[in-house]
């Protein structure tokens, strides 16, 4: 009964906009938090009765083609967690009631859009939901209406529009060559015939569109601007889940269920993945803006996912999905840390702040956990997914790419250590001697996310066989 | 599909590619934000044409028409938001010059 | 009988040892516990003796099972170890009375016993290795609680044994690979190329445990630094028992070592070299315990020589020599302990004339010294004759070296006895009294054992040693007087020569201590001795020098690499980073252009990959 | 079919004019014209409903949107436009030649497409397709419209407050 995942948040927004606005305005943030938590809970008992039930009226009225497989369930979980975190810290960071209402409503809409992206089985519907998510992103980035945010949003709009056009061209050409827009039918028709130039053109256009949306390196230009200039809760949301669902998940889904792991697709994935990893990590190392550094790190981690996908095996796909999940958790965590630092010190410049860990112990500790997980230090979650990626690459004989992955993880560790040294360690500067730990609305999400990272890392052997390996299909 | 249809498609294809080049050139070269959006619009026109041609040649006219309708609605909303942002930039920069929104670097 | 009884000799001393460490600091408590544990262990060993038990419990998979096998050989070793363990514990009650680290000492002693029992009982190579390495641990601890230098010596012992254990580990892996099993009793490999390598690696572990050259150099250092009962128990008795036990196992059971094999010659050569070099070093020592420790090394050579001959008479001789050596050498160390306890020093230059003050100690010393020198009718004579017999059969050179070793052994003990117990009493030794009864009893017991094993040598040979070889003997018996009269005559001549040499030396130099100095200062030998005293030939020291050189070299390389890491790579990465950031100049037209160009490249890749 | 070619050429010309004209208002009108010409082609390619939609939304609504934006942003005065014109021409003059050249080059290439015929039972009625098969897209349209409303509310909030 996955219809409800799209319908309920949307209906909730409509109800919240009913004329009794006074009540609704205060209800909206709570509704966002509750709905995202509900989604997490539903996903956690994913083998329960609910998913198989066909609700009578809704089922007959709405004939949506939605499928919730293992990969989609994992994504739904990520969406639930990150939306929950975003809603909580949004409630904590946005002071004005009207803005708070708008923000919560947008989170609710995007919940339904992202669930749609995850569940659809039609490339045009995929495009529709991608566009909804993109439009929400534009609005959210420009939420604070300052010039830099506008600049980031405008660049994102241009790139997103071009990407959409590539996607639509791909869709049209696929429609010609396979006569349908449905995943399974396209897949059937693509596997039935050899890859002719027209199909390559179609697949290539589609993939390039998704590359732009995912921020893979030669197409990543909009990403640091958009992430770093967005308001803090929005950065968490964008980096944690929106671009991951919009770009990376769509890439995985399309590569696995539509195009199949063709040799040349894998080659492109491998090459772009390696370039993305290295370029993102290298660009991150000299950044002085906290969020911009995290943005480049995000790019670099997306590279890992693409690289894993490029190995073309079911293990590689499983590793990619696992890293996607881990990345959603630890990158959200790091952006929440950045939000806490920005909230308390009023700056994102890593050269200005120093020694914050004395005054903000929870933020300091959780950021260490997040960084180490991102850099792939055992036994945190990030280590296991990177290990799986390297194993997947080695088992298909891509030794050079495996070496690149391992070496880049050293650079990752490098820039995170630089960040930690600049921001959290050392002696606190006079300017910030009086700052306090961020409020409960930020500290609680930090602790939850850090606990997930550590927990997944420690219970990895349990999780591996039960959840991760089935992802490969 | 017959050879004439393939030929016909290629004729349309040439014009679609020409539209693409015009649109992309406009986005790349212009110094005005609104013109950049107009360039995007031209690209969208090209894609609309491509989808319609695809539907016409493969016989899925009903399907492609519904797709085009959805697409037009979506692009209209995107354009509205984009115009809103352009207006915001103009309000703060007092200019529509692309060269003035280059402060995010590195 | 319940098969679980096999766990008793391992668990009981181990738990008692843990109790000693954890228990209260009171002396009576730890001493009582350790004495009782040693006694019970001895009792269990008696009970177990003569039984055949097998125990197997699958454990880690890959053929790594907890399997124990009690049969004649292992029961014999356990009994001997338990006996020495009990006696040395009894001795330590008095010797260690005023020393520090009492609890630790007894704990290590008992744990060593437990591990030796475990290692001897183990029927699986990995289990064996486990106990073997455990022994290394207790060895380290036991040396380290000695005097100030002890920690350094302990490290030395640890490193040397650790390296050889590493060899053994590789050997075990290789053996398991070749044999396809880890169960010792199932392995029976012909000596091919790989098996030879495995044999050598395992042999290194075994002879290093026994203290043979060139893995001996920690023993003399430990003799001066570690507590004396340790010397009497571990290097003199337990490690010889264990090392030679394992050597016998690998030569007799696990590999088909025949006397045609070059490995046999290798073993014999190691044995002969050990005999000669160690005894040459022993000759010139001026310290009671140090002299004894060199002999402890030297005598190992006889055992290795005996087993290396790979003929029944040699093996019987080697094994018999093993138990004999354990007896007389631990007794000798115990007399050394009495001297140290009563006279306060073991430096031979300060000792003298103790014979009248300590008559029981003197008698025990004389018996055991005669035994080690191979005087009829003590036990050393019989085992040595067996080894000589075998050595002569394999080659005249080996025999000559062995007999030369015998000559030097006798000479050095004449010197030792003369210097310590006869001659003029020095001024500090006037008030020396006989050692307390508790220390005398173990010495008397062992000395009596030496006589019994000598006079009634059929007793140990028939009941302890010969059943080990069993059918391989073809009904031969080696008890009683050796058959070859010529050899006996040569041995007697050698002994007489040693005495003559001693008298000659005393007359020349004027004192018992300096009786052998003419060898020490002989033209060529003096240079070698000088270098040896500076530890020039100690493989550990050479190893240290090499390691220092390598580390100095790697320091240089490290700086270079460090430069690459710290300066070069960081600068490169930063420069690259700035390049990428320069590309990100805020101009979205540039971005879009680059994206489209890269999209075109991606398309090219696609078409190329088609 | 020749009419189609003429309309297509007109489409490209309209697009070129849209891009190259010096006045923003003219560019917006040119866009509307492009849309209108596209509508003709859509009519001729058996897609009347989509054509109506294109005409009303793109040629109508979006043009109005652009024109109102241009009027809100106080476009440049005539002198400024004339000053910029020469420089603009320097950047744009070779676009028509580029377009024509590429069109000519492409016309010599024969790009093979493997087209797939539709199954005979494929639905021909747009309404049926839209309401029965593309329900999810309709839902998406509704969602994006609501999003657009929110976007306008948020982006124009300060403007309205003033």
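Here are a few things to note about the model shown:
Read from first to last, the chains carry the letters A, B, C and D; within each, the first residue is number 1.
As a working rule, a residue touches a chain if its C-beta (ideal position, glycine included) is under 8 Å from a C-beta of that chain, and two chains touch if they have at least 3 such contacts.
Remember, predicted model here, so these are calculated numbers, not experimental data.
Of all chains present, the one whose mean CA position sits nearest the global mean of protein CA atoms is A.
Annotation: 32 Å between the Cα-based centres of chain A and chain D.
With centres set at the average Cα position, the gap from chain A to chain C is 64 Å. With centres taken as mean Cα positions, chain B sits 27 Å from chain A.
Computed from the mean C-alpha positions, the centre of chain B lies at a distance of 87 Å from the centre of chain C.
Shared interface positions of chain C, i.e. residues touching 2 or more other chains, are given as 581, 584, 588, 592.
Within chain D, contacts with two or more other chains are made by residues 111-113, 115-118, 134, 137, 140-141, 144, 147-148, 151, 155. Annotation for chain A: residues touching 2 or more other chains are 124, 128, 131-132, 135, 138-139, 142, 145, 154-155, 158, 162, 176, 179, 197, 224. Under the contact rule defined at the top, the touching pairs of chains are A-B, A-C, A-D, B-C, B-D. Note for the complex: chain B touches chain C at residues 24, 27-29, 98-99, 101-106. For chain A in complex with chain B, the residues that touch the partner chain are 124, 128, 131-132, 134-135, 138-139, 142, 145-148, 150-155, 157-158, 160-162, 164-165, 168-169, 171-173, 175-176, 179, 181, 224-225, 228-229, 287, 292.
Taken together, the chain B residues at the contact with chain D in this complex read 1, 5-6, 8-15, 17-19, 21-23, 25-26, 29-30, 32, 34-35, 37-39, 41-42, 45, 48-49, 52-53, 55-70, 72-77, 79-81, 83-88, 90-91, 96. The touching residues of chain C, when paired with chain B in their complex, are 581-582, 584-589, 592-593, 596. Residue ranges on chain D touching chain B, taken from their complex, read 1, 5, 8-9, 11-12, 15-16, 18-19, 24, 27-28, 31, 34-35, 38, 41-42, 45-47, 49-50, 53-54, 57-58, 61-62, 65-66, 69-70, 72-73, 91-92, 95, 98-99, 102-103, 106-107, 110-113, 115-118, 122-126, 128-130, 133-134, 137-138, 140-141, 144-145, 147-148, 151-152, 155-156, 159.
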